[in-house]
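These are the structures, in structure tokens.
One chain, chain A, appears in both complexes that follow, with chain B as partner in the first and chain C in the second.
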Partner chain A sequence: MVATRTKRVIRLEPTDVFIYIIGALIVFVVVVGSIATLSQGKYSINAWVDLFVFGVTLGSIYSLIALGYTMVYGILRMINFAHSEVFMSGPFTAYFLAEAFSRSGFLNQSPVIALILIFALSMGTSVLVAVLIERIAYRPLRNAPRLVPLITAIGASFFVQYMFRGLYGTNIKVYPEIEALKGQITLGAFRVSYIQILVIVAAAAMMLGLHLFVQKTRTGKAMRAVAEDRSTAALMGINVDNIIVTTFILGGALAGAAGVLYALVFTQVHFFMGFIPGIKAFTAAVLGGIGNIPGAMLGGLFLGVIESLGPMLFLDGLGITAPYQLKDAIAFSLLVLVLIFRPTGILGERIREKKA
Partner chain B sequence: MLELRDVHSYYGHIHALKGISLSVEKGEIVTLIGANGAGKTTTLRTISGLLHPRHGSIWLDGERLDGLPPDIIVRKGVGQSPEGRQIFPRLTVMENLEMGAYTRNDKEGIRRDLEHVFGLFPRLAERRNQPGGTLSGGEQQMLAIGRALMCRPRVLLLDEPSMGLAPLLVETIFNIIRELNREGTTILLVEQNAAKALAVAHRGYVIETGHIVLSDNAANLRQNDLVRKAYLGET
Partner chain C sequence: MTTPTTSLAQPTTTLATAPSAWRDALRIGLIGGVCAVLVALIGMIEAFSNRNIIAGVITLGTLLIIGSAFLSGYFATRSASDSPRAAEVIGRGALAGLMTSLFLTLLALFVNAVPTIRSMFINASPALVQLLTLGQGMPAGNLLLLVVGTMMGALAGLLQLVPPVFHRSLIIGVVITILIGMMQDLLRVTFQNWSALRPVSNFFFTSNGLAPAGAATIFALAIVFNVVWSQRGDRVRAGIRSLPPAQRRALNLGLVIFGGIILLALPWVVGLFFSEVLVNVGLFVLMALGLNIVVGFAGLLDLGYVAFYAIGAYMIGLLTSTSKEIVFAGGWSFWAALPFAIAVAILAGAILGIPVLKIRGDYLAIVTLGFGEIIRLLAQSDFLKPVLGGSRGVELIPKPAIGPFEFAGPQELYYLILAGCVIAVFVSLRLKDSRQGRAWMAMREDEDVAQTMGINLVNTKLLAFMIGASLAGIAGAIFASKLAIIYPHSFNLLISILVLAVVIIGGMGSIPGVILGALVLVGLPELLREFSDYRLLLYGAALVLMMLVRPEGLWPEEARQRELHEAEEEVSLSEKLADDEELAREGATG
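== the complex of A and B ==
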């Protein structure tokens, strides 16, 4: 009896073994690939710095979107899959304003005011879409089993996507470029374009603002209280519905801003544009530990940098041609790795399961 | 002041409260004693609006409470220290207390009440910047009571404040309850520790499987045969 029991403790499940082998393989490829690439010395330090800066830029955008996923998860314990459409709806709507500004010349006459208006319209649209989704699709299901709102979220995502396709058409629309943002700064090995500076500074400012809001204000503290225990929060006199709406407003505003930044970097918008960044940002939120606000910020930056540096660093040295096309594979391999070795994410802690 | 009239509550299909009627007058400590699962916590959850009664009505100073959402009921003056304390583990002691005062805007009054709570529970003052989850059980109970006081309740509902505490701490908590009452706080106290509860209370109700089976002043209940056998452990 005793012997069999000891055996059972030591025995590893075959799936665990398989998973660890996959994990070890990925780590092996990363290490060997990096050494091979660096020893060949094919790329200059400038090229690496460029890739890194681009990674931080992309990562800042992922972080902003990831915050929306993570805040909603923190409060409702559900993945808001429609968040990628919240992200798309803002810049897609603001495109028409940007285009009008561009045609009238206002965009280049006073780019600051024009940009502020474009951001305002984009953030406003995203907030409106986020709040409507919450009100119509999620709130009636607040006490339903967890799978129900999840499926609803996927449905809401498709609905919003195709609604915008119907509204604005299937064409890829080219976002007007702003003359004032075309230059770049060179600082030794550093070469940073104005757009990248705008993205990084704007994202950092918004994340700092969010952090202060959540930590210092009365509403922010109430958000944390609702995330920890909804019914006790109600016993404090907190209107839980209002706090949930506030969460969607914040997530929507960040996504709308992220959308304009994304459109400025990639200069195009279309109805399907939310899908990939949405899934990447979701990955970033899981990487950082879902439900954790600093985790989403960190996870986004981490993912952006790995995605940007990874293909060259890990794969080029192994003789793989056109490694950049494998950037998505690298991003998701990273997710697999984190889920194998640290299932709660980088900063995540085990979140208490909701009591009835 | 607080009055329940023939209140029936359900958990899904389970008929948990089968016609509860009770009242708490201004300045009183009234205790509701009963075994596990008798409906004590359900009664408090129904008063605070987490559960809506299917029949019957709940009144506070002539205003009807039943059917209102919990946050409005708090604003009307019902403060609760819930079962199992339920402090916010990752919020600091200070933030927990601030959440208790969520419904209020008078900065000066909040500051004074905060000092009052820290006066009652000096341990909380020492630990004000610590996350609530790092406190001991007794300290968490103090925080839960302090947090309920921060909304300046007209009626304070205390759910099992002695649960899981060492005897010395139980003594402290009951002294605090007496002290709060002397200051004029009206209290509805739910307890399994009937001996202690009847020692501080003016009146009491005994609840069994969703019915009130006895109600009397505390001194008489202590002498009652049923109470002595079932709840005081005497023979």
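== the complex of A and C ==
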């Protein structure tokens, strides 16, 4: 390993040169685009602040989903491709409760209790889906060759997605709005809506809770031990299967909560809603260094802000029409670039390549 | 996992293990019940109830209801075939069947009592209740379902007790009858084209479902054939093997020519509708053979394979279109544009391949997925609209033609695709056992070891990506000229997933497997309209089940099968070693 490393430094391969030229080109486009946009002064500072706040809101949702990816990767060294469906299943199911509350007027009478119940149902459903996927699709394949669980995960993802399509239908469901969350706070240039505050505060609280759980409790310690070395942890008397299920429960609960927050921000749910946020949250997890819990939080925020500011900042100045359409392309490009140039992520924690 | 080991460890205490077997039956019946309720709520029972299998006797929907009870009984008694008492096995099957039908009955009662549940579960309709009571009204139908479910479970238990030859033959007979019943309206249309076959068709088929006598005949024929084959099959195979080489070669050649004639005549025999299906299957065969090189031979999991399909389609679209809205619309002929489409697809394979050279396994899957989505988003954007047509796509793509012969309809396009598939099969076959194929296989097993053995990973990987891309490019080119108009949203992730499913379910690395996979996964859902809504659901389930039960695929490649079984043997060996160690330790302490 060491030998090849040094050899690569000495001998620059043409493919590496190609990659670095592409990288340099992208940096060039980003820098020139940003300078062009800012020098044109087309957008006021207020517009940028709005975009930034929206980016943080979106980013905290991504962080919550990313935690599920990162915890499972940390322990099983596999991408839980079906996590985006775990995220979708919760709010999609809780929609019916929210709708019923809204019709009976309960939602606006006591929004706090109603929201708590909606969150509880969403998180419960997501946890159930996550645990079932783990039990049926992943556990029997724990010692299979490396591609096998990934393929199962893809299959499980599509199965769950289309199962919910069959159960609840293909229509886009409009999440009821809550009167109490309609206003906004204005602080000079800052304009923050109540929903954005709710999202950011709730996400921060849950992440703090998770951090404390992982760092301070016995189970959290066992989780870290299993992530470090599964077989040694088993020898120390840790029930690895239980810890893995706990991980899926935690990831599912966070995803279910993130789903309700997402539904509150975008006011709609449908069976395909998990895919794009799922991929982006995975990007966030990779950005922060997969397997690294604070990294996922940071990566999510970073991605949210880049996605929110990026189209205007990088592309508008270059005279590209309708740059907002390319926001997903920016997120995907970021994913590709991170995996190519810095697969260890921002907070770089080296994870061993899983061998067959 | 625990039950077989305990029963192995204590073979004498059958009485002690018997309650656990009953508990298992109960558990399996419960799982089967939950699955059956899910299937009902997803809407499959109702959707499939329109398809008659046997006219006036049974529909596919009813078959799902009673089949679920049968399957529960079957799995509940599968491991218990060595049990000494027949009544016990049948009883266990009946218990599992009863459990499963109880769940369906409870569902019917619940939906009947709470009709508003339909605002949540859109398929919990009165029609479903009627199906779940077997059309007999509320209390009588519920009882009937329970009785039928119990009987089905008992029947499954009984099936475990008959000799294996008949056991297998019966199952095959039922499956073939159901399959022919499902296909019946298509087969009937084909038969009606030939006036000589019309009486045969009238015997087997009615206008809606198999005729009862026809169904019985098919069932009996399938059983007789299977029983005879299981007794004589080995001798026939041995006879063929013992033929002198010259004759064997002649036999092979004859088979190839025969197959070729059938393939050439196929679109005109089966008619327009089937030809359309064949064209779609052919496109996926072509793509799947390409992806098979990337995933199956070289072991590089590519989830963005649709990108090359899109590139091939867009190149043909742009170069041949006569549309005014596209700046660079070339107005070329298909044949002039095709080499460019393939070349650009290959180039794209290399360009997208280079950055991912050092990325392995699951990361590779995600990066390629990202690439595929980026290409689609770019094609869809207003930014590139003058060049690529934005979300309105590229219109006015001409059909390919050789002189006066135009590949206009599916029956003509079929030949274009057949030619593409034949080339792809030839390339795959030649590459598979070549030096290059071995290099891919070595790389698939272990990149580091392959590199140590002197394989140039850069060239090997890029070649796999490029050849795979070229085949997808051809498929895309044919797709574009087939539809005459292409939209960016035709090239979404689902195509990549579908092609991947074809390769994996068919058997990674296996060429006949991939073709079979495309026939099953692309052909069947197109033939059965009811299935099209549940296509991706069933693919997802099939991918999971395949990985759990038969990871080598339907028609496995030899090397891969050997490998997977070796791994199993190793696992069982190491388990055994661990067991032995444990025993030794116990012996030492005790």
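As a working rule, the second predicted complex is superposed on the first by the 339 of 356 C-alpha atoms of A that agree within 3 Å, B and C clash if a C-alpha of one lies under 4 Å from a C-alpha of the other, contacts with A are read in each partner's own complex, and residues count from 1 in each chain.
Rule of thumb we're sticking to: a contact is a pair of C-beta atoms (placed from the backbone, for glycine too) under 8 Å apart; a residue touches a chain by one contact, two chains touch by 3 or more.
Values in this document were obtained by computation on a predicted structure and should not be read as measured data.
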* **Partner chain in contact with A:235 - chain B first, chain C second, else both or neither** => first
* To do: Could you look at A:266 and tell me whether it touches chain B, chain C, both or neither (first, second, both, neither)?
  => neither
* To do: Name the contact category of A:157: first (chain B only), second (chain C only), both, or neither.
  => second
* Asked: For A:20, is the partner it touches chain B (first), chain C (second), both, or none of the two (neither)?
  -> neither
* To do: For A:145, decide between first (touching chain B), second (touching chain C), both and neither.
  => second
* Which of the two partners, first being chain B and second being chain C, lies in contact with A:218: first, second, both, or neither? -> first
* In the complex formed with chain A, which residues of chain B make contact? -> 48-50, 69-71, 74-75, 80, 82, 86, 88-91, 95, 98-100, 102-103, 147, 151
* Asked: How about chain A: which of its residues touch chain C in the complex?
  -> 13, 15, 18-19, 22, 78-79, 96, 136-137, 140-141, 143-152, 154-163, 165-169, 275, 279, 282, 286, 315, 320-323, 325-326, 328-329, 332-333, 335-336, 339-340, 343, 353-354, 356
* Asked: Hey, which residues of chain A end up touching chain B in the complex?
  -> 218, 221-222, 224-225, 228-229, 231-240
* Structure fact -> The residues of chain C that touch chain A in their complex are 38, 41-44, 119-123, 299, 301, 303, 354-357, 359-363, 365-367, 369-371, 373-374, 377-378, 380-383, 385, 445-446, 458, 493, 497, 500-501, 504, 533-534, 536-537, 539-544, 546-548, 551, 564, 567, 571
